[in-house]
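In the part that follows, the structures are each spelled out as structure tokens.
What follows is a pair of complexes built around chain A, which joins chain B in one and chain C in the other.
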Partner chain A sequence: MRKFFEKLVEGGLLISGSVSSLTILLIVVFLFKEAGGLFNTPSTEEGYVLAVHNTNEVAKLSPEQLMDIFDGNITNWKEIGGNDVEILPFRLSDLTNYYSEEELGSEFQYVPQKISELIGKEPGIIAFFPEQYLLQEHFQGKVLPTQNITPSEFFGGTKWYPTATPAPIFGLIPLLLGTLLVSIGAIVLSLPFGLAVAIYMAEIANHRMRDFLKPIIELLAGIPSVVYGFFGLVVIVPLIQKTFDLPVGETAFAGSVVLAIMALPTIITVAEDAMRTTPRAMKEASLALGATQWQTIYKVIIPYSISGITSAVVLGIGRAIGETMAVLMVTGNAAVIPTSFFEPVRTIPATIAAELGEAPAGGAHYEALFLLGVVLFLITLLLSISVEYISSKRKI
Partner chain B sequence: METVHKIDTIDRKKRSSQKFAFGFFTFLSYLVVAILFVILGFIIIKGGNVISWDFLTKAPEEGMTKGGIYPAIIGTFYLIVGSSIISFPIGIMSGIYMNEYAANSKLVRFIRIMTNNLSGVPSVVFGLFGMSLFVNALGWGDSIIAGSFTLALMSLPLIIRTTEEALKSIDDSFRHGSLALGATKLQTIRRVVLPMAFPNIITGLILSIGRVSGETAPILFTVAAYFLPQLPGSIFDQCMALPYHLYVISTSGTDIEASRGMAYGTALVLIAIVLVVNLLANALRNYFAKKVKMN
Partner chain C sequence: MIKIDAQNVDFYYGSFHALKNISMQIEANTSVAFIGPSGCGKSTFLRLFNRMNDLIPDTRLEGKIFIDGHNIYDKGVKVDTLRKDVGMVFQKPNPFPKTIFENVAYGLRVNGVKDKDYIEETVIKSLKQVVLWDEVKDKLKDSAFALSGGQQQRLCIARALAISPSILLMDEPTSALDPISTSKIEDLVHELKKDYTIVIVTHNMQQAARVSDKTGYFYLGELIEYGETRKIFTNPEKESTQNYITGRFG
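Our next item is the complex of A and B:
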């Protein structure tokens, strides 16, 4: 009986032990499940069609070209491989410019005919309208075939306009670059501080000082990210705006400063732990040879613990890349490819947090945000694995 | 004479470079301390003017510009309790299994790597995952239970790791002694190992509460509401929460300037929770450390 009970408990413990592995697995499954549909989704809004004049030779339009056309940046079919005809963009709401309300019918029952007629008349037209208004027989235009969003459009795209019509544009590059810029800036700022404090705590400070610093570092790690974000918003952002005389203070630099403070505890703790593992005999041998304490630190302790210090840096980067709220609050959130530190940028996590609430479930935007989550998850997984690899090398 | 003089200058050189380097490190360390005190001081001073009994016990009024944050405090409390009920047992049992039953086996190494990976997963990814699994797939909707599960999974790695560390620090001779007296493995764990590791495990649990109370991204899509007229009635209701409240009123409220005061107050309450949690964890650690020494 007792043996059975012991086995039962052991089984329970084993199940609990596998929960974290199971969670990783579930995260992968569910993120991919939600994101997977993106490349099977038509690039234009669902339920809408694009139609052109019969003589038009352009058969394919990318989302970016569509946006340029409807924004008036491309004005002639010649520019995108068609005939030399002026482009006439047409949306359903423009219909009243061409026909009176009587012509359209009291219940808009003649709308399909009129759209068809208009497309037949205008050689340069590109019409974007709901599928329900597509004339079933004798349609006088050519409906462009729907295309799906392609992986190269997502991973290589340089624009992020998730709510653009007729075709939203989901390009990863500006968000990825924004994330990297902010994170790398943060590490560059916090690394000197982090290493200095780690060295100070591991080798220089006396017991009392260390006992004073440790809880402070823990406290820094414990402050919620939204409080850092708030502090950044009300203190750091205005400060940066004034100091550098910028039109807005919400910049990549502000994000880096806030993230640098947030990454400090990780860097300090991991680097300090690594330095502490230096064997006492090694340190004493160095001191006995006449080296000063400082020489011992940079000639013996730092080289010995370099893999631990590298882990600290990688973990710090990981923390910075995944940080959401603080970055969302201070970086200004402009989804453009950043050209300098003093411009608003938008990071991947901030995009997810800001836009998921407004994206209708199951739509292309929703799926694109989950795909961003997948990208983020893979980046941090890669960083975790490289930390694992670095620290396993140290043991050999 | 010449060489002695040379050694002397080298000696002086290395000493002065040490002095410079150490001075620099000490300075940067003090600077980090200063940064913390600036942040804390700023929020305590600005928020201190706002905090009052009414602020803590009344609902927000007039588009978040007046009133208090009572519903958000209650919501955060529910989320702490909910996630703790889920994560504490699983985390502790997982730690026990890894250290006591299968230490250093291939399986445990795998679990440890997975746990480390899990701790590196960004909180917003947990939010996405929680939304996909608990809110949509299981059909719980935006609810306290969905938020609690999401937060619980997020805090698991911290609890597992501290439990494992706590158990690891107990000398094997205690286990051997107990086993030699005829106790079974389970009895040994329950009567000898766990009581000794208890203080350190508790410290980990308290720190995880601190983390859960301040996380915003995981609750963004799983439970948090901008404003609710009444308190949640069941675990399938939405609730307000402190960190989300701070985020909303400082970035997208109806009148951001007018609700600044409320934001300072909310930030102070959040900081206070973190301070209390950290002080408590430290006090416990010191108290038990002394007790162990005395024994």
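Our next item is the complex of A and C:
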């Protein structure tokens, strides 16, 4: 009977272990599968075509060039390797500027002919219109071949305009830099302070003080991040704006401060627990050799518990990099390449959270957000592997 | 010359009266053994000499302990300076998670010695003193944990000697070691006695007889008898001592 129960428990543990590993694996597979689709997706909106005059020599346009053309930042074909002709951007809605409603027909049945005619007439035109209005025969222009979004456009792109037409722009760089800036700032702020508190609690505070502090710090770890974000928005953001005399307080720095506060409890508790594992004999040996308490802390206790301290750091950084809500609330969410700490930035997690709701499933935007998720996943993975490696090297 | 002079020492862990009115004089360059059943206060008394008990919260000392004529519990005494002069070896070998070299150099480094050549010389000298040099000279950069228990304990002795103390306290230094390592350390104590004052706590009666000039027998927090080792072991004054050394209890 006893044996049977043991077998039962054993089986239960095996099943729950494999189920949870499998779930994690499935999540990762799902993430990569959805994200990988991005590079098989045309860079222009599906169901639309881009057409130019027959004499136009430009055969390829990147999403960024397209945006510049339709925004009027590029006005001549020679700027992008074509003839010296003024660019005439054309969207379907512009058609009524060229033709009257009668000419287009009562049921718009002549629209395809008219578009074709217009393209034939204007050497500098670039037309963006739904595929259904493309004249099947005798089209008097050249349809630009559709291109897929390329990895270099994504990983090297410096702009993030996911809803731009005719071609959305998914450039990772501003989001990546935003994430790194906010996270590094958070670590720089929280690490020295967190370790100092951990040392204080593990080695210096008497047990009454420690019994008082420990539950408070553990409580802090349990506060939902929205609450931290709210606190940041009402207290820290205005404070930063006033102190540094900025136009807006929602900056990378505000994000770092809020994240630092959030990462502190994790860093403190994990590092403190690690330092407490230092055997008493080790401490006594150091003190008996005439070392002061401080010398003992940084020459014996910290090296001894370095692997625990590094896991505290990894957990802290991990929380900082992956944190969404609080950062979303205080960083201003401008997807531009940051040039200083005191500018609005946008992080990868904040982008995913803010945009996933409005990105149609399976579309380029949706896939781009999944790819952001993959990037985030890889960053944290790389981080823990390298820290693991470093701390294994440190042990002699 | 009197090196250590304890006068009417009482020690309390909270309300527990661990040492009761102990007085003892230890002469320079001799070795003294503390014997007695487990829990009688040998370690507690030993750890008073380098103020190791200061680390334990809620303890209290009455009486005076003089080393070289100065009360080490006076207000002005700096504990880390005291501990440089009073080295200690613990029951279990407790090397640092550092290299063999750095273990021995540790005491010098924390005392602000920067001179590389001096550090190296001292490390070599200390390792030779404990007869460990030949065994480790090719692996000074290896972790101290790679050594055997006996080697680790000799390393810990070398570590204590490197800062040239005048007193060496040893709390059951061989209780975790095999007989061969034990006898090596006993030989060492014999050797070191010439230059250091040694106080050694031991469970092992033969060891006390072999290495010490004088022996103190403790029982339930009291120093029952203290005198020449030969006399304690052949002709003790107290019956309790007699019973202990003949193995009737303890």
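Quick note on the criterion: the second predicted complex is superposed on the first by the 373 of 396 C-alpha atoms of A that agree within 3 Å, B and C clash if a C-alpha of one lies under 4 Å from a C-alpha of the other, contacts with A are read in each partner's own complex, and residues count from 1 in each chain.
The rule is simple: a residue touches a chain if its C-beta (ideal position, glycine included) is under 8 Å from a C-beta of that chain, and two chains touch if they have at least 3 such contacts.
None of the values given here were measured: they were computed from a predicted structure.
S.K.: Based on the superposition on chain A, does the combination of chain B and chain C result in a clash or a fit?
M.R.: Aligned on chain A, chain B and chain C fit with no clash.
S.K.: I'd like to know which partner A:188 touches here: chain B for first, chain C for second, both or neither.
M.R.: In the superposed model, A:188 contacts neither chain B nor chain C.
S.K.: Decide which partner touches more residues of chain A, taking chain B and chain C as the two options.
M.R.: The partner that reaches more residues of chain A in the superposed model: B.
S.K.: Touch test for A:295: chain B only (first), chain C only (second), both, or neither?
M.R.: both
S.K.: Return first, second, both or neither, reflecting whether A:378 touches chain B, chain C, both chains, or no partner chain.
M.R.: neither
S.K.: After superposition on the shared chain, which partner residues are touched by A:304: those of chain B (first), chain C (second), both, or neither?
M.R.: The second partner, chain C, only.
S.K.: Touching A:59, do we find chain B (first), chain C (second), both, or neither?
M.R.: Neither partner.
S.K.: Applying the document's definition of touch, where does A:285 land relative to chain B and chain C: first, second, both, or neither?
M.R.: A:285 contacts chain C only, not chain B.
S.K.: Is A:207 contacted by the first partner chain B, the second partner chain C, both or neither?
M.R.: Only chain C; A:207 stays clear of chain B.
S.K.: In whole Å, how close do chain B and chain C get at the C-alpha level once superposed?
M.R.: Nearest C-alpha atoms of the two chains are 6 Å apart.
S.K.: Mind sorting out which residues of chain A both chain B and chain C touch, each in its own complex?
M.R.: Residues 292, 295 of chain A touch both chain B and chain C.
S.K.: In their shared complex, at which residues does chain A touch chain B?
M.R.: 2, 5-6, 9-10, 12-14, 16-21, 23-24, 26-27, 30-31, 33-34, 192-193, 196-197, 199-201, 204-205, 213, 215-220, 222-231, 233-235, 261, 264, 268, 292-295, 297, 315, 318, 321-325, 328-329, 349, 352-353, 356-357, 361, 369-370, 373, 376-377, 380-381, 383-385, 387-388
S.K.: In their complex, what parts of chain B are in touch with chain A?
M.R.: On the chain B side, the touching residues are 14-15, 17-18, 21-22, 24-26, 28-29, 31-33, 35-36, 39, 42-43, 89-91, 93-94, 96-98, 101-102, 108, 110-111, 113-118, 120-129, 131-133, 136-137, 153, 156-157, 160, 184-186, 207, 210-211, 213-217, 220-221, 243-244, 246-247, 250-251, 260, 263, 267, 270-271, 274-275, 277-278, 282.
S.K.: Quick one: in the complex, what on chain A touches chain C?
M.R.: My answer: residues 206-207, 279, 281-282, 284-292, 295, 299-300, 303-304, 395-396.
S.K.: In their complex, what parts of chain C are in touch with chain A?
M.R.: So the residues of chain C in touch with chain A come to 50, 52, 55, 57, 80-81, 83-84, 87-88, 90, 92, 94-99, 106-107, 109-111, 142-143, 156, 159-160, 163.
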